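A, B, C, D, E and F label the chains in the order they appear, each numbered from 1.
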Amino acid sequence: MGGRDTNIVLLDENGIRCDGRKVNETRKVTIKAGVLKNANGSAYIEFGDNKILVGVYGPRDVHPKHMSDTDTGILRCRYHMVPFSVEERKNPAPSRREIEISKVIKEALEPAVMLKEFPRTAVDVYMEVLQADGGSRCAALTGASVALADAGIPMRDLVAGCAAGKAADAIILDVNNEEDQAGQADLPIGYMPNLKKITLLQLDGVLTLEEYKQCIEIGIDGCNQVYEIQKKALQDKFFPSGE
Amino acid sequence: MSDGLIIDQLKKTQILELLQDGKRVDGRQFDEPRQLTIDIGVIPKAEGSARVRLGDTEVVAGVKIQPERPFPDTGDKGMLICTAEILPIAHPTAETGPPQPDVVELARVTDRGIRESGMLDMKQLVLEKDKSVIGIFCDNAVTDHDGNLFDACSYASTAAINSCKIPKYEMQDEKPVKIEGEFTEPPITTLPVSVTMAKIGDFILVDPTIEEWSIMDARITITSNSDGNVVALQKGGSDGFTQEELIKCAELSIKVGSKIREIIKQSKLRGN
Amino acid sequence: MGGRDTNIVLLDENGIRCDGRKVNETRKVTIKAGVLKNANGSAYIEFGDNKILVGVYGPRDVHPKHMSDTDTGILRCRYHMVPFSVEERKNPAPSRREIEISKVIKEALEPAVMLKEFPRTAVDVYMEVLQADGGSRCAALTGASVALADAGIPMRDLVAGCAAGKAADAIILDVNNEEDQAGQADLPIGYMPNLKKITLLQLDGVLTLEEYKQCIEIGIDGCNQVYEIQKKALQDKFFPSGE
Amino acid sequence: MSDGLIIDQLKKTQILELLQDGKRVDGRQFDEPRQLTIDIGVIPKAEGSARVRLGDTEVVAGVKIQPERPFPDTGDKGMLICTAEILPIAHPTAETGPPQPDVVELARVTDRGIRESGMLDMKQLVLEKDKSVIGIFCDNAVTDHDGNLFDACSYASTAAINSCKIPKYEMQDEKPVKIEGEFTEPPITTLPVSVTMAKIGDFILVDPTIEEWSIMDARITITSNSDGNVVALQKGGSDGFTQEELIKCAELSIKVGSKIREIIKQSKLRGN
Amino acid sequence: MSDGLIIDQLKKTQILELLQDGKRVDGRQFDEPRQLTIDIGVIPKAEGSARVRLGDTEVVAGVKIQPERPFPDTGDKGMLICTAEILPIAHPTAETGPPQPDVVELARVTDRGIRESGMLDMKQLVLEKDKSVIGIFCDNAVTDHDGNLFDACSYASTAAINSCKIPKYEMQDEKPVKIEGEFTEPPITTLPVSVTMAKIGDFILVDPTIEEWSIMDARITITSNSDGNVVALQKGGSDGFTQEELIKCAELSIKVGSKIREIIKQSKLRGN
Amino acid sequence: MGGRDTNIVLLDENGIRCDGRKVNETRKVTIKAGVLKNANGSAYIEFGDNKILVGVYGPRDVHPKHMSDTDTGILRCRYHMVPFSVEERKNPAPSRREIEISKVIKEALEPAVMLKEFPRTAVDVYMEVLQADGGSRCAALTGASVALADAGIPMRDLVAGCAAGKAADAIILDVNNEEDQAGQADLPIGYMPNLKKITLLQLDGVLTLEEYKQCIEIGIDGCNQVYEIQKKALQDKFFPSGE
């Protein structure tokens, strides 16, 4: 990221970002739980211009059998972008980037899911990015937590996702696509607000130790905000206001 | 699998008995498709898009448009490619990995319906002959699977292409350069619409659900255009059709298709 | 097909087609049954310039076991073009077109094969196109029926294949390569003459409802002609004229 | 597999006893290949073709010729690629899917026999240096498998290339354009012919059948050219050869090969 | 698998008890990496190379440099690609075939550490803007696996690139031509160094062995540059970190990384 | 090879080759056994500019089970080049050349390995070419024999590898990269010196029958020289001079 070009003003003299936000403000996040008929649990999330559909199947049998575990359930995750989700049409086969993000999200969800409650079986989490913007892995993780809860999978906490970063020498919350491309650093975070644990953390770009600390601080704030929206989505599904 | 077959047999018997009384499981007429809802523009960053709900089957189609180098023998026409995939969220049996034959067939039938109808006047999509042409990619993503994906993908593709905006390009130094913010309408000549019919016993049922699909004897997908002509067709399943049945199916397809076509047209008006 | 170019005269003023045929005339079809040593059944068919070798193996065990069915036999079909079979050398890996045609032919043969007679097992039908011309799927289907009968697989009927179509505004029988490229419609048909059922039907191109009816009518005629040649091939194999 | 091995052992014992009496199962001499029939021109649309029957083994080879852009370091030569595949019709054990190591070896040995012999004068196959050269693709399809595919593919390739017609091309605007109806003869310099020998016990058998193949200890394929030189070689199987055996095999290959070469020459004369 | 788990549980209990006494199985301090040996130039034909031994983990990195056509939007920069694979000689569980997710992650984290640090000034690696640039490929081959491949590949890549020689090219007729025997130094701006830490219970351990790796709760790999800044990071494993732990890990990474960086610098001096 | 270009002098007027060797001289060969920690047996070989690491695992269980044999052990071999081993960076996926060489080496080792001693199991031999020069298959085979012995696999003999060939009309021993590219023939040989059997033999290029005989003669000489170095490597490992 160090040497990326920038022709756009990422932060103006009033501290306003290219999409009109303040440095510590997230994009608009909306989540709806239970949007698919066939899946055991599901969620649709819009996180800025990200539009992601998550479906959860399971707990269900594992084939081949020897991939299952008699002591614990297993979590399988697939983060996938449909061909029209990005600027230049994407090949539908999973890229190495998608394989890595799937693994990172899986390891971000595992601490939250009570896998021991469903030994011998698997829970599949499929995240389909219909339209991508900066921060799609945080958005997918956020949606996946809600879909898992919607499926009734026993969980210790929800995982909320939000990136921090650095652009125009300022520490910013919830990096969008332009800031990711032209900015200085992107630090996606996954956080369990009740357990106060960070379960997803990556970094692209250069940060001083001090900036790194600030990013984590502001990122946790963002996750806490996202967490409220997650809870609301589940409430709307299970206790609709009509009741 | 044997157990599965027994259940399928019982289900088939039950469905057949209902059909003999003139009834379908969900109460529809034999020639009545399920409720169809089309929303266009659901993927604003794509040049065209549509979400189709056909009963509980749901498909999202997105259109991406970019300049392409044409093949040597088709330098006077644009390129058009339609694909389809069943996302693993769509059904517990949907698989990730390389597409199975049924998905290959779905994609090719979807593509053929659009292509063979001549829906787009491809001659209008040339930037510079033999050098650069407009490429139109329409990808269908099945998000919920309750049967009859052929028709859902047909409607999603037609609606997404019908409502797309083609970015303007100018050739500069032999290379196509996008003119930001300028668009043209796609050169639509006709609106192809497929209608799929299941044969169960001697009954022909329009728009079968996944339940009807699982026990049908044979199926046929017939695509018609705005003029009421037949433009593409695909028979499937482990039985055959009589000559009379095939004529009846074509007539049904044209009749039902004309109503569907109106819904597609409406979706564009509503979207704009 | 609507917009395909044509520089050749597909139909002259006397109603004669580019290869000298009348509109309702098939190309020359020759079939020989039992041409391979190892296969359980086989056939070699020349259908115009199509040259296709079909081998049938089975009924035989299915691996892996769980792909078999205790109630019925299964039919597996592969339509495949060798690299030198077409104008421009073909990659030997199966194309999406070959995968689709394999499926369509399988579903055209299934109504004719008494699968329940060999539960738990599979019959494999391999169709190898050595030289391709228009109508290769109909030719392959025709040859496959003969090879299945040659293998002694119990059948209700043979399936005969022949395309109808439209070129130079006329309805024609048995579309050749030039007519397929430059014509207006191609409607391949697979037909069981005794059971009077159409088991393969596809369409590329534009037809009015009336033309569609005519195509099916003329196509069934063509299939009936092909059927006679199929029966002759089996007769020559099992009751050679020397007897 | 254990059962298979026991049967193989019994078969091997039986074959070895016969060999000790100087006999092969099918009555041939040790240095006698099976009946060889070659028909050329069986695929008229290909630029060259041959069907080879070697006993009950059958191969069809087809030659396709088209202009190619040369690799950066070989712009002064034409391109030549031979391949081989075992079609699933050829044998109950033949597999579809990516080629197994034995098929990769078959294809590479077939290719090497043609290529390393210098059968074609590749310098004569240049349309414009570094821009465009003639590409010759010779694909072997095994249609019936009764052992010794190496030799059957060698004969089919040599016969098909030997009898092919090279379309004439002219460079126009830096692009090769085909002159319809004009052909030239291929620039043949020599006719490579492989002879494969199985070692069973201490016996060396020319042209093993599939039965002999299944129980042999080792094998060797030696290709010789029209001058009686050795031009390619491949040892296989789970045993070794002594120095003396290898010399004997080379001599056998040259001797048997010269007879095969005549049959290949005759096939061209008969075909024309 | 259940048996494996029981052994893992026992091992974990034992390791945890040792940790509570302030001890690691191999006697190291919590913040102490294993013995690190770096030899550069081990693959003389490659433009750069390094063999790294980190305890019993061993990696060989090789750098190949060749001119490349740049992507349309990055015509003013050279290309840099780092990969990693675990050779099957490295461990009984290593697999051949397409890379599993853990190997994909290893390769991408290795690449990101080099790339995001801006280790090379890519603007200096342009032969002709938009036409031809220098491509640098650094491939890591893991030859022995005793845990913490992330750091071993990081050190091997940094050492190999730091000590590579860039061949000189001149543009002639719009094509890059190599000037034999002339080389330039790579445009190094900083030396990125990753430090991986395992979390076991509440303990943070630098450079875990394969035994510690197998029972750890979570891990984090933090890459720092010559200025002591954080330039890349990857959390893994089935647990999370507290905010305080993450800050401690970053500090540890910078501290330990500066010592490692000296060893990398020394390896170049010793190699020249 | 017939028509390969040559700009370099492969053999000067004094019979000295381009790398300073005489016609019947091998390049420098060094072998070290037991170089890897995890492998059951291993060897590192430098053969001219070839640098190859070989690791052996087994005898070990075979998955899936049906690939094993109750009567005999099986040998599996993989010859593989790492991306930086050759002039132009190589794709890491195995090429058809690597698949063929793996098979040829397997069949060269099988006569030496007493497979019946470990029924139901497999021995895996992985050869990793870190730097390639002419004759890498002979070098890999030579190293593999040492690694198998290092792993304690029961063997009848070691297999030593060395190529013979023809360049500048002379018969030469141990063909290097330049001689392979610009020479007239390359005849790689694998030989069991005690059992006096040739277990690997291939040929690219043109040889008269007489030259062929000379090549085999000189090649066996080369293998005998390599064999001494193999034995030395095992001696150094199992009976280090310090004892």
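Please note the rule applied: a contact is a pair of C-beta atoms (placed from the backbone, for glycine too) under 8 Å apart; a residue touches a chain by one contact, two chains touch by 3 or more.
Keep in mind that this is a model prediction, so the values were computed, not measured.
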item	value
Least step count from chain D to chain E, where 1 means the two chains touch	2
Which listed pair, A-B, B-C or A-E, duplicates the contacts of E-F in over half of its pairs	A-B
Inter-centroid spacing, chain F versus chain D (mean Cα positions, whole Å)	27
Centre-of-Cα separation between chain D and chain C, whole angstrom	32
Euclidean distance of C-alpha centroids - chain A vs chain D, Å	58
Pairwise touch network: line, ring, star, complete, or other	ring
Sequence of chains encountered when the ring is traversed from chain A in the direction of chain E	A, E, F, D, C, B
Residues of chain F that touch chain E when the two form their complex	36-39, 42, 49, 51, 53-55, 57, 60, 78, 80, 82-85, 87-89, 92, 94, 124, 126, 128, 130-131
Residues of chain B that touch chain A when the two form their complex	42-46, 49, 56, 58, 60, 62-64, 66, 83, 85, 87-92, 96, 137, 139, 141, 143-146
Touching residues on chain E, where the partner in the complex is chain A	1-2, 5, 77, 101-102, 104-105, 107-108, 112, 116-118, 122-123, 218, 220, 222, 225, 228-243, 246-247, 250-251, 254
List of chain F residues in touch with chain D within their complex	1-3, 66, 69-72, 96-97, 99-100, 102-104, 107-108, 110-111, 187, 192, 195-209, 212-213, 216-217, 220
